[in-house]
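Both of the next two complexes hold subunit A, though its partner changes from subunit B to subunit C.
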Partner chain A sequence: MRLRHAVASATVAALALPQAASAHGLVGRQDLPIPRWLFAWAAATVLVASFVGLATLWPKPRLQELQERVVARLPAILDVGCGVIGVAAFGLTIYAGLAGNQTGTANLAPTVIYVLFWVGIPFASALFGDVFRPFNPWRAIARGVSWLAGRMARQDSLPDALPYPARLGRWPAVIGILIFAWVELVYVDKTDPSQLAIMAIAYAAVQLVGMSLYGIETWESRGDAFAVYFNLFARLSPLDWRGRKLAVRRPLEGVVGLTPVAGTVALLSTMIGTTSFDGFSQGSTWSSIAPHLQSFFLDIGFNAEHALELAMTVGLLAMVLIVAGLYRLGVAGMHTVGEGHTTSELAGRFAHTLVPIALAYVIAHYFSLLVYNGQATAYLASDPLGDGSDLFGTGSATIDYSVISATGIWYVQVGALVLGHVCGLILAHDRAIAMYRSARDATRSQYWMLAVMVSFTSLGLWLLSAANQ
Partner chain B sequence: MSRNQRFILLGLAAVVLVVAFVVARSGSSEEEGGSKSASDTTSTTDNQQEAPTGDAHRPRKPAAPQVATIVVKGGKPVGGVKRITFRKNGQIVFVVRSDVADEVHFHGYDIAKDVKAGGSVRFTTKAKIDGRFEVELEDRGTQIAEVEVTP
Partner chain C sequence: MSVTMIIAHFGHWWTSLLYLLPVVVVVGWLSFQAWRDSRSGGDDGS
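For the complex of A and B:
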């Protein structure tokens, strides 16, 4: 029988595939769902790791105090140089988007934005720290302008930055990420290069306004959606670039110091929820719900295109709310343990435990996009406008889909989810023993966090398995 | 945490491992069975054509190909977008019959062939890459099928 397997055996299955077959419109190859045996093993590993972890993890907090070691000092010119590169890359992307070929796959802009920027930087950040910060184009422009203004105006004539309203917290970042995710996953013209370029300009303009009102550093750490988003992942890295110094810390340690200002939990729920929807919207569950939603919006009087967009918007928001609700449920459970912690305090103080889970979701859903479509950079860099030019002689390069097999991708996906789960668990454990006076209460609170983590990891695994059936 | 709690948790971990082992085993054997029956019922003519000489005693019928065929009417696939599944390292064969002229693009493998109105094109290639790939009417931008290559 083995032999017959080797011989081509074609099965044709009539499937109601969802209309949005490729979420980004750039993808030439989609991942296969993980097989059942791998799903079973992954789920088991998650549970075993959880129980063993709960039984054997350290009894005294270990991560709560930052232990950093400065290993290098950096020249001031580095920051300037990176800023110039960042602004140049931003300018080139926008120019390509506006002036180039308007087919998404032939233009540099969509691949730079969706693959290198949106997916590549989180991977780089988790490994090498906050690498986006020095290259951040709008930050570089704002710093340049402020330096110029400082030289030209008299010192006292420049207005002071407004105090940043505490209620605003990370909410501007929540809105920014939500809008980006909507464009990426829902918007019909998601790969239209000139539209993307215009949105990028609009985004940069809003950031410049925010920075000029509240100060560059303040806005960057609270309101600049992408800076905040990348910084969250960077906190998991052992490298910390602070000012002109490079410091080394233990992995995970950086995220412990996340200040839970308003909107922090909302941001993490948005991150996990939108990535979930990317997987969910390609699955059979969604394709059985979507037509009903779509016909509802058609009946109200929207055209087919907008009805689909609206249906997907509902799905996207629902997914974010489900993730937020799951976390809230766990927190409400932890609240019953007592010792006088309020639910909102608990929600904030455990928010950082969601960061590794959010990263795991990003890896599980976008690893193959980065590995495959990242290669498109080779020919797009040579031909950024899609007009047939060949600047670096790589214009005829293609995407090599054999660099990693489907099996390899499965292991990366499942490995990321399991590792993210374990990291979340460690962070929650450490925070609990630091917060609760009695060890018994700390353990009891951890049953609830464990339930939250297991639900997120199971959801992640389910999205990989059932989602693409 | 008390010693007893610790033992209970570690015991639970052991139980989960055993359950997972059982589930994973039954899952993989079922999968094996499932794909066996699939290949039994859907073995294509290509199999028979390439069958070794051992099958020579069977009367060879003239080819009545059951090659997966995607029929396009009015620029849309008849019966919706279908998934055609092949095994890795096997042979991918499918035919697109269209009543409109367009370019058929098999993504990933990146093979593009022009089809005339009322004509058909045949795609044959070795299944070297696993994954799911779109087959698209390039000019219209309409997906007409999905090719799945399983490892």
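For the complex of A and C:
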């Protein structure tokens, strides 16, 4: 009976998620000179060597003070223009989702949301800074409404924004990212264009309410899940767009100033954990666990589709908790070094070290999606509704899977994971020598962060390997 | 039944242990190092 249920669930999954199966790029045959597990050993060796190098060659904090240099001033019209483009792109995506062909691959909305927005912007942010902010459509709408209200009403008649509750911190962003990840990885109708459009409208409405209650900038920096998410990656960039100024800084320097408000560690754990689950759910380990979970939910009365979603939800949450637990273990280890630092203080002050790891996981898991599925933009731009139109003459364009080989993708993935974790080590080391009174205690505290980094690297490579089998 | 399943799937998951091994080695070495440091710290202080 259970077997029958499991088979039924698997069939539903296969039928319901055909696009999900290919959503993260094709995985071709890799031609690697050594077994994949040996890459994990090599990565661990690189991390240990980096740790030793940092302990001996980096005796003083170098990143704790921000040293930015303004290199350009930007015209005010640029801000307005970017906002208009952002609102127009948002409107087009919604329109395509609601009015277009309801086949996911033929409609612009799923590709824009899952590829260009969710994956493309983190890549762009890490390279060019917080590029999402000027294009943020709900921020642009809120600013436009605020400007209009200011012109139409007397300034003193407009209510002040409420003080943002400190205990909320980045928790609204945690919830937002978790919900989006659930939709992307678990929800069976994840590629349904009209449902995506409705969810996008609902998200925008929540943001507008948040901005009207707590102020545009405050809500954007704490509660707008995507703005917070992209901003974290942008902090790694050497470019900083501040108001109407463009400043340059050393790479990684921007993330050192991350304020560890409530929910920051949870947000980063969610970012890493959900990406990890994306890889894990494509591997054989999950394939052997999932049917048992599905059977459990079938047995307590759920139908096959919901049993599958619930099983995936359990896996998703478990992976977030595992990532958070690994980090807390490292922090608990650091706590044993002493000097009076509490675990919650250490967890907050070292939270920024997880940002490059989160980016590394995004690159490792979604690089192929961006490279391959991103090309679909060419024909979807010409035919956004999937009704056969050819607005720009690119309607017959196809995806070229030869732009990079499977082996090339593997090296990008491994390189990103190693580099991301080395960056995490650098940030942790720099923070430790700034925090601890003795260099010896600083180094001892970092034994634990090294263990965390090696664990995350091995986990990341294992997930990639499992997904590629 | 669970034990049977684990043994039956050994061929699938034993390679996963190879990914865990660097973690075990590093954690073991660091634990030893931490223990040695705490001992030498205690000696310094006495």
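In this section, the second predicted complex is superposed on the first by the 415 of 469 C-alpha atoms of A that agree within 3 Å, B and C clash if a C-alpha of one lies under 4 Å from a C-alpha of the other, contacts with A are read in each partner's own complex, and residues count from 1 in each chain.
Rule of thumb we're sticking to: a contact is a pair of C-beta atoms (placed from the backbone, for glycine too) under 8 Å apart; a residue touches a chain by one contact, two chains touch by 3 or more.
Bear in mind the structure is a predicted one, so any value in this text is a computation, not a measurement.
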For this session: Check the contacts made with subunit A and report whether subunit B or subunit C touches more of its residues.
Result: B
Problem set entry | First (subunit B), second (subunit C), both or neither touched by A:Ser402 | first
Exercise. Touching A:Thr394, do we find subunit B (first), subunit C (second), both, or neither?
Worked result: neither
Exercise. Is A:Gln102 contacted by the first partner subunit B, the second partner subunit C, both or neither?
Worked result: neither
For this session: In the overlay, answer first, second, both or neither for which of subunit B and subunit C A:Trp462 touches.
Result: second
For this session: Could you say whether A:Ala451 touches subunit B, subunit C, both of them, or neither, answering first, second, both or neither?
Result: second
For this session: With the two complexes superposed on chain A, say which partner A:Trp41 touches: subunit B (first), subunit C (second), both, or neither.
Result: both
Exercise. Where does A:Ser284 make contact in the superposed view: on subunit B (first), on subunit C (second), on both, or on neither?
Worked result: second
For this session: Once the two structures are superposed, pull the subunit A residues common to the subunit B and subunit C interfaces.
Result: 37, 40-41, 43-45, 47-48, 440
Exercise. Which of the residues in subunit C come into contact with subunit A in the complex?
Worked result: 5, 9, 12-13, 15-16, 18-23, 25-27, 30, 33-34, 37, 41
Problem set entry | Touch list for subunit A against partner subunit C, complex | 37, 40-41, 43-45, 47-48, 284-285, 288, 333, 336, 440, 444, 447-448, 450-451, 454-455, 458-459, 461-462, 465-466
Exercise. Mind pulling up the subunit A residues that touch subunit B in the complex?
Worked result: 1, 4-17, 21-22, 28-32, 35-37, 39-41, 43-45, 47-48, 51-52, 54-56, 59, 398, 401-402, 405-407, 439-440, 443, 468
Exercise. For subunit B, which residues are in contact with subunit A within the complex?
Worked result: 1, 5-6, 9-10, 12-13, 16-17, 19-20, 23-25, 27-28, 30-31, 35-36, 38-39, 42-44, 46-47, 50, 67-68, 79-87, 89-94, 107-108, 110, 127-134, 143, 146, 148, 150-151
